[in-house]
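Labels run A, B, C and D following the written order; every chain starts at residue 1.
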Amino acid sequence: MIKRATDEIRPGMIVNLGIGLPTRVLDHLDANLAVCLHSENGIAGVGPSLSNNDADRNLIDAGGTYVSTLPGTSFFDSAVSFSLVRRGRLDLTVLGAFQVAANGDLANWKIPELFTPGPGGAIELAQKARRVVVLTTHQDKRGRSKIVKECSLPLTAAGCVDRIYTDMAVLDVTKKGIVLREIAEGLSVDEVVAATDATLIVPDTGVVTF
Amino acid sequence: MIKRATDEIRPGMIVNLGIGLPTRVLDHLDANLAVCLHSENGIAGVGPSLSNNDADRNLIDAGGTYVSTLPGTSFFDSAVSFSLVRRGRLDLTVLGAFQVAANGDLANWKIPELFTPGPGGAIELAQKARRVVVLTTHQDKRGRSKIVKECSLPLTAAGCVDRIYTDMAVLDVTKKGIVLREIAEGLSVDEVVAATDATLIVPDTGVVTF
Amino acid sequence: MIGADKTTSIEAAVSQIKDGNTVMIGGFGVPGTPFTLIEELVRQGQSGLTVIKNDSNMPGMGVDRLLENGQVAKLIVSHIGLNPNAVRMMNEKVLEVEFCAQGILAERIRCAGAGLHGFLTDIGIDTDLANDKTTTEIDGKTLLVEKALSADFALIHADRADPFGNLIYVGTARNFNPLMAMAADHTLAETETLVAVGDLRPEETHTPGPFVDGVVFLPKLSEYYGVVER
Amino acid sequence: MIGADKTTSIEAAVSQIKDGNTVMIGGFGVPGTPFTLIEELVRQGQSGLTVIKNDSNMPGMGVDRLLENGQVAKLIVSHIGLNPNAVRMMNEKVLEVEFCAQGILAERIRCAGAGLHGFLTDIGIDTDLANDKTTTEIDGKTLLVEKALSADFALIHADRADPFGNLIYVGTARNFNPLMAMAADHTLAETETLVAVGDLRPEETHTPGPFVDGVVFLPKLSEYYGVVER
């Protein structure tokens, strides 16, 4: 599914990859693709990640990975970094999720009483990137669907998600609801529908396998 | 009076000198005094002014004079420049005036229907510098007192002025009104009082000559 | 690779500006004013513009060229005292002028660049400039609501740039340029020197490339950029 | 000459902080975190502090050292996910935690540094973070009022500094440091390198000297500053 999500990233884009799974999209990206990766701790032009041996102690991405620069990289403070996000200069963000709802609501910062890491940069990324894509396992560790009718967890942002990539499917959030676009090899449409809390729209034109 | 005003400037201060007469305070300042001159177009540490022959075309103060740098000078954008002013990092500003009122009101940006240069940085300097000193001729070109009971011109800032230096006198703005501190050599107290629209408080301790 | 090559001809860059657009123009006096972009705008003649700039330059140069060519409907500015033409046009009511305190003008532009909608301040609260503004309270203190000031285009002057749009300013030519570069829908920068991508250190860049849409190299500087004799 | 020599001993600098003070601390993860100033604050033991920082570092370092030493009453922060101690203390209600969206935290700090009182934004409007906030309208759009966030002290980590307090940051160690350096009543900066006044170019300075009150030279960096093994 990570490889599948690389299609989102096109030449000339400014892109922010969230902490965790989304960052791993990098590993599958063509190194010659003319794309500018933004990290909210103050870089435009994040270069390949480095091992601890090669690391610069002052150069990490927002997830704490040691990274490098590229020709054209710039550093800036946290206010400029989020100015870039809120002013609409970010073409795409790929985020993780606790839950995504049928209307595009995203929850990924707070599980009350259990685990509240805090919002970090996710609220602004989700609200202001021109395109918001979620990359997540289809179900949580206890087998519950993360694609839900309505979010039970506190929201990160309302109606923000455009597309979801999971290990089971590729889904588009539309005004009519969530449309099943693709399913993983070896799965049937019925299996994906059964594994999903939200009602899925299966187009008459059929569903591709990835 | 310009020379007299140099006493305001003490070691360690951050100081902004307004366009016109106030800038000329520089000419009378000890070059070894440890003072940091701020100019609102984006410099802390304005160095001596330069002739056109020696000028750097990209280095002016807010009045358009070609200036130089000093060891320790920094350049910044206009937002940072006024952050410094509004955050209270400016110890002193010396400003020009159309009118100063008995309560410390200052008018120096607009003469309706006649001449409206605009406020420039004066509103923020007047409102936020820790000490606001006015350096001005005592009367305008038509012989009218600039030290008035109440400003008839639109205000730059209310109750902001601490002290006034003119060609006739040094005056402190206090809660009780304007106190005459010093008079220029060759003038009598009565002459200064007569040349002033605002009521002056003449202290029992007497008035010094400068 | 980091991204697109944004270098463009000055004709193509400026031709994106349409009649009635709002245009922010960097500079404080001569330093940082994009005279060449302005001259191209004079040549192309777009009209009914709202211009946002710190000052109106001096007669015969910069913004004054747009004023005398009748292209400006409204000027949002902090100071016009060095341009008698602007003062006269305002007094004759052929030019609408909106004055802002200089730092508030800078903040309104920055506010738009930061993707925020407005800010709250006590600056100007006892002046005429407060007359038509909404007020609100924080902790019992009355404050003016200042609105973010965006634009269709920003015209920027840089000392150095790379094709990705990373910009560096020198001396007091920085002023409003980095603020405006972030605030407009489309940011066009002219540059005295064009270097290869990778030739600017990541720490020294003042305006990051993602904010910039077009980079115009100036092979030659006109006399406008020189030391002003007065 | 430009001004005062602000170099000071770390003991004298940190001893100005009093019980109950609000302290902003630069850094995003390890880069830019002033570990040495924090350790001195641990050693001196001021208590009841409100700490403003992007994150709570990882266990055993930085802000966590203040937490485990019981010196922090309240934490204003955007993310604590990498510090289970902070999460536990919050859940056990021995630590009050106020979460801000990261860019809003940055802007609230910057807003104080800019001498403004607050700003208006739609960020977080559909979330729990909007619950206790005032709203207002601009042009019919409902916006949250975010208040400026100042502090008694800011603790800053610089790569290079001169005695006047001009500061330069490297890499991603910049983050919140230049914002906090402007926002507090008293700004204390530790620096890896101390150069003579005049050795920093005016264009490359990130934080101008007038914002800084004390400069502490670090003759040696502790292991906290190194590459994190995980």
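Assume contacts are C-beta pairs under 8 Å (C-beta built on N, C-alpha and C of every residue); 3 or more make two chains touch, one makes a residue touch a chain.
All values derive from a computational prediction rather than experimental measurement.
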item	value
Where chain A and chain D overlap in contact partners, by chain label	C
Contacts common to chain A and chain B (chain labels)	C, D
Pair with more cross-chain C-beta pairs in contact, given B-C and A-C	B-C
Reference chain A; chain at largest CA-centroid distance	B
Recurring contact interface, reference A-D, options B-D, B-C or A-C [over half identical by residue number]	B-C
Chain B and chain C, separation of their C-alpha mean positions in angstrom	29
Rounded Å distance, chain C centre to chain D centre (Cα mean)	32
Distance from chain D to chain B - Cα centre to Cα centre, in angstrom	35
Touching two or more other chains - residues of chain A	43, 75-76, 79, 82-83, 85-86, 128
Residue list for chain D, restricted to those that touch at least two other chains	107, 114, 116, 121-122, 170-171, 202-203
Pairs of chains, among all present, that meet the touch criterion	A-C, A-D, B-C, B-D, C-D
Contacting residues of chain D [partner chain C, same complex]	107, 111, 114, 116-122, 136, 138, 141, 143, 145, 147, 168-171, 202-204
Complex contact set, residues of chain B against chain C	39-43, 52, 55-62, 64, 66, 75-79, 81-83, 85-86, 110, 113, 115-124, 127-128, 154-158
Footprint of chain B on chain C - complex, ascending	28-32, 54, 77-82, 87, 90-91, 97, 99-107, 110, 121-124, 126-129, 159, 170-179, 206, 225-230
In the complex with chain C, residue positions of chain A that touch it	11-14, 32-36, 38, 43-45, 69-76, 79-80, 82-90, 128
List of chain C residues in touch with chain A within their complex	1-4, 112-116, 162, 164, 166, 182-183, 196-198, 200, 202-203, 205, 208-211
